[in-house]
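The structures come next, written out as structure tokens.
Presented sequentially are two complexes of chain A, the first with chain B as partner and the second with chain C.
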Partner chain A sequence: MLNAVVFKEWLKIRWIFIGMLLINLLVIINTYFNVANVLKVYSANIFLVKLITYEILFFEDIMYIPLLTGILISVFQFFPEVNQKRLKLTFHLPVPESKMLFQMTVIGFISLLIIFLFDSVLLSLVSLNFFPEEVFKSMISTLLPWFLAGFCGYFLITMVFIEPNWIKRVVLTLIGIGLISLFYSGTGYAKFEKSWLIFAAISFLFGVVIYVSAYNFKRGIS
Partner chain B sequence: MTNVVEVKDLTHYYGSKLVFENMSFDIKEGSIFGLLGKNGTGKTTTINILNGFLKPTSGKCLMFGEDSYSLSPQTKARVGFLIEGHVQYSFMNIRQIEKFYSAFYPKWKKEPYYELMSKLAVTEDQKISKMSCGQRSQVALGLILAQDADLLILDDYSMGLDAGYRRLFLDYLIEYAKAETKTIFITSHIIQDLENFLDECVILDYRTVLLQAPLKSFLSDFKQFKFEVDNHNLKLEKDYVVKNFELVKNKATLYTFEKQSVVEHYLVNNGINYTKLAEVPMTLEEAFIGITGKY
Partner chain C sequence: MKNILITRIILAITIILVASIYLPEFYWKITKEEAKSVSVYYSVVKDEFVFIKSDIRGAKYVDQKGDELTREEFEEAVPLLNFRQLFVSGKMPDTINGKAIEPKEVKLNNFSLRIRPEIINYNLIQLFPLMESQSGRIRLELPPDLFRITDRMEFITSLTNQVDEKKSRAFTDALLKEGFNFPAKKIYGNLSTMKPFDEGYFVIDSSGKIYHIKMVKGEPFCVQTSIPQNIDVAYILVSENELREFYSLLITKKSEVYFISYDNYRLIKLPVEDYNYETDVMTIRGDLFNRQITYSRENEKVKSIVTNRDYNIVSTYEDNSKGKEVLYTSLIAPYLFPFELSIEESKTPMINFYFSFYDLHYLILSAVLTIVAIIYFRKKKIDISNGLIYYAVVLVTGLYGFIAIMCIRDFNNDSNI
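Right after this comes the complex of A and B.
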């Protein structure tokens, strides 16, 4: 049964998954060439001064891409489910509804994880290729909240799609936007070294609230 | 014969709006049961409660003896469900959707599905989203037949279908239900199609159940009398004799479960001068309109 669920979810998200993987790749390639060109023309000091003093990051082009990726994966995965109330078909399958929803969101989560790991590896290669290890470490701690924002965006949109009540949808969206904006509240050098755990907790909370919306859908609350 | 579905004193509100109150009916194993009602009388609400997509305000709804709101996966596997408008996973093609569903149902039989698909002028790679409404209805029906469910719940199977596809749908369903002793629970806004199909029916009106009866006895017991009157403003309230009354100029129509002699007696007792009283046979659709009214 799990294979069948994976098959269905993959049919829905395959093109957006491949598309977003390519967009992420292009943004990182662009970052690589930007850094390479600047280093060729000027010197590495410029980057370090920008990074530490002016808090300008060489990898900031990627900042909103994980969030966009999370939102789009959710749209492609869950819009077909809620359009014409197809979720009824899914919840009518002989599997407990919560288990089905868990499997579906885990598939979305894993697809995001693959893209974000891909980003992390490529950006690490860029960083380690040009900069000392300290810069690499600070980059990872800055990237982490952006990736977590991607997961949050995914969970938020999923929650909004499944929630049957329009007022709750609006409230959840506003709360979600507020919380996700925290993930972008500072972008400087090593800014999030100590707070990523809080962001991870917020992301987890978003994931859990999906089940409240699913419960509302099942009860027919609107 | 055991009951596959038991609905007892079901009441449902959307907010403060009452949909129906104290609705009760049973569906016997192997029967074809129709839920008939005008738009907004709660047909889809009832089906949503039956399938566990809505928690009723009060009352009980059992399917194969289980509370319909918390059906076990084993019981869900015994229920085939056609959503209004033949909604399916339209991003899949004919082959993919069969492959997908077959993983969930232990009694899956792909032959009836592919038999139906062979009648459509489409390839196995045809995406469902690119198919016509009629073709999609055949996909949805084929999947339900392949599931080999014991109970088939069909929410307005006729929506968007022309006469040919409606007939095809019912012909297949009848053949299947009779051969396999399946129970069918069906709603449709095209009442006439169901005349030779249903064993039993429930007729819903706004907020209440008007009737539950075997279809044959409803059609034989429920009568339409036409007569002419002098009084063009004549009004008859519903009571133990009159189930509905309509007057167009001097032509009156009275719907009742009583015999002609009782109707004659009733009219005389109420001081109504009438002429040309005659019972006029009705189709199911006419009987349905007769009992529910035109408005």
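Right after this comes the complex of A and C.
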């Protein structure tokens, strides 16, 4: 059963997964050349001191890409289900809907995780190629909330698709947008250094809310 | 069934969390007051304090009695700060307090330092440029490398991103000779090149000793200062100044304030009382005759202490009226909100959950909302056994809880719950 679910979900998201992986790759290649070109114009020491004192985020192009990735993966995974009314069928299989949904969202979650790890590795290579490791550490700490925003975006869109009631959809969207906006607060490097764990916990708790929508969906509560 | 209840509780908590961040934020946004500021100056001519009160309409100059001064009168009252203008308009007195006034001397003795809580909380990337302090050039230049002090002092050449072994070894050896315990706990310096000369860095080693590190003609200059090891440093503000009276300002975790003097790093204690580095903005202004230390806490107080050049108090000014002048918006807020959660604070650039609780005034609104909820639930005939938890949530978390249960209620119209 698990294999079948994995296979079915993979069929739905494989193209968007590959597509988003490519978009992430292109953005990082762009970042690489942006830095390389700045270093052809300004001497590296002057640029580095500016980067440190003015907290220039050389990788800021990627900022909203994880959010976009999360949203699109959810759309490709759940829109066909809801649109073609397949979800109703899925949830009526002799498996508890929460288990089924857990398996489905875990697949979305893992594909996001792979893309975000891919981003982290590539950006780390860019950073370590040009700058000392201190810059790389601060960069990772700065990327974390953006990745969390990606996961929250995925959870939000998923619950909006599954939720049958329009008013509840609006409420969930408001909460979700409120939560996601928090991850883009602050300017400069590593400002979530002391709090990212709490934010991560909140994000994943928010993910759990999907089950309320699934519960409502299965029982036709609207 | 139990799981679905837990997830509903999580949803409620999420709503309360998001509401307690955004509702107060929105409230403060729509009720924002015009900014007003008061700057305190000490007039050596009048022997009293004078003020600039400014808002969006412009600035007013006022003396201590409250009488308004013209801009010219103000400048003449604070001649050393405004010496350029007064020299141009020919109004600079030849002598002040019996001392002949030389423009060069006035300029040399004028300085100003400012320290905000936000600077102290900054988490800058720990890489620093060590400038050549005796290059013989007029302008300071950035070195080709940045240093870090971990298990040794390392210089990383920016162009190649490689460690400069020779320079790293030279500085590490010089530090070891002085008994430095690696790694550095904290590194304080002035990264700007827009300063008259460079005094390098004040570095706290892992055992709490404070070292002074700079580069003199390409060679390391590393000395252990005489500053006591047990002094609990909150921040060191390095500020190079032609006067060469002090290297930097040192603030301890007990909010004591010292200058680190050029006299073999002797500490000069500044006579500040009830200053708090975590909340107050401090400005220190110096001139030919005096030092003026002013610190203010937002909406609470402003205090200014004037000392002579030996740091003995000459005059003090204190105004707590800022706290009394309560704005109507901040009077209403405690009635509306049980607490406020913000993730950004003016005192620090770091994102975290900053919780502020007003008082129990919010209970009035909470009680009203609870009654509304009770009536609503009765009308909708929702089981009271669950209602009790809901009412408790509204009573404790006020407006936020009310919004949460109204949303949850909608998620809860299932006969099983």
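By our rule, the second predicted complex is superposed on the first by the 214 of 222 C-alpha atoms of A that agree within 3 Å, B and C clash if a C-alpha of one lies under 4 Å from a C-alpha of the other, contacts with A are read in each partner's own complex, and residues count from 1 in each chain.
Quick note on the criterion: a contact is a pair of C-beta atoms (placed from the backbone, for glycine too) under 8 Å apart; a residue touches a chain by one contact, two chains touch by 3 or more.
All values derive from a computational prediction rather than experimental measurement.
K.L.:
Is this a clash or a fit when chain B and chain C both end up on chain A?
P.N.:
fit
K.L.:
For A:Leu89 in the superposed arrangement: first (chain B), second (chain C), both or neither?
P.N.:
After superposition on chain A, A:Leu89 lies in contact with chain B alone.
K.L.:
For A:Ala200, using the defined touch cut-off, is the partner it touches chain B, chain C, both, or neither? Pick first, second, both or neither.
P.N.:
Neither: A:Ala200 stays clear of chain B and chain C.
K.L.:
See if chain A has more residues touched by chain B or by chain C, and give me that chain.
P.N.:
Comparing touch counts on chain A for chain B and chain C gives C.
K.L.:
Looking at A:Phe131, would you say it contacts chain B, chain C, both, or neither? Reply first, second, both or neither.
P.N.:
In the superposed model, A:Phe131 contacts chain C only, not chain B.
K.L.:
Can you report the vertex angle at chain A, computed from the C-alpha centres of the three chains with chain B and chain C as the arms, to the nearest 10 degrees?
P.N.:
Roughly 140 degrees separate the directions to chain B and chain C.
K.L.:
Give one of first, second, both or neither to describe whether A:Leu21 is in contact with chain B, with chain C, with both, or with none.
P.N.:
Neither chain B nor chain C is touched by A:Leu21.
K.L.:
Check the residue A:Val38 against both partner chains and state whether it touches chain B (first), chain C (second), both, or neither.
P.N.:
neither
K.L.:
With both complexes overlaid on chain A, does A:Lys218 touch chain B (first), chain C (second), both or neither?
P.N.:
First partner only, chain B.
K.L.:
With both complexes overlaid on chain A, does A:Thr53 touch chain B (first), chain C (second), both or neither?
P.N.:
second
K.L.:
Tell me the contact category for A:Val106 with respect to chain B and chain C: first, second, both or neither.
P.N.:
After superposition on chain A, A:Val106 lies in contact with neither partner.
K.L.:
Measuring by CA atoms in the overlay, how small does the chain B-chain C distance get, in Å?
P.N.:
7
K.L.:
Kindly list the residues of chain A that each of chain B and chain C touches, one partner per complex.
P.N.:
219
K.L.:
Which stretch or stretches of chain C touch chain A in the complex?
P.N.:
Spelled out, the residues of chain C in touch with chain A are 3-4, 6-8, 10-11, 13-15, 17-18, 21-22, 123-127, 129, 142-146, 148, 156, 158-159, 161, 191, 343-344, 349-353, 407, 410-411, 413-414.
K.L.:
Using the touch rule from the top, collect the residues of chain A that touch chain C in their complex.
P.N.:
43-49, 51-53, 55, 98, 129-132, 134-135, 138, 145, 165, 167-168, 171, 174-175, 178-179, 182, 185-195, 198, 202, 205-206, 208-209, 211-212, 215-216, 219, 221
K.L.:
Can you list the chain A residues touching chain B in their complex?
P.N.:
Going through chain A, the ones touching chain B are 1, 3-4, 7-8, 11-12, 80, 84-86, 88-89, 91-96, 217-220, 222.
K.L.:
Touching residues of chain B toward chain A in the complex: what are they?
P.N.:
Per the touch definition, chain B meets chain A at residues 14, 48, 51-55, 73-74, 76-77, 79, 81, 83, 85, 87-92, 96, 99-101, 103-105.
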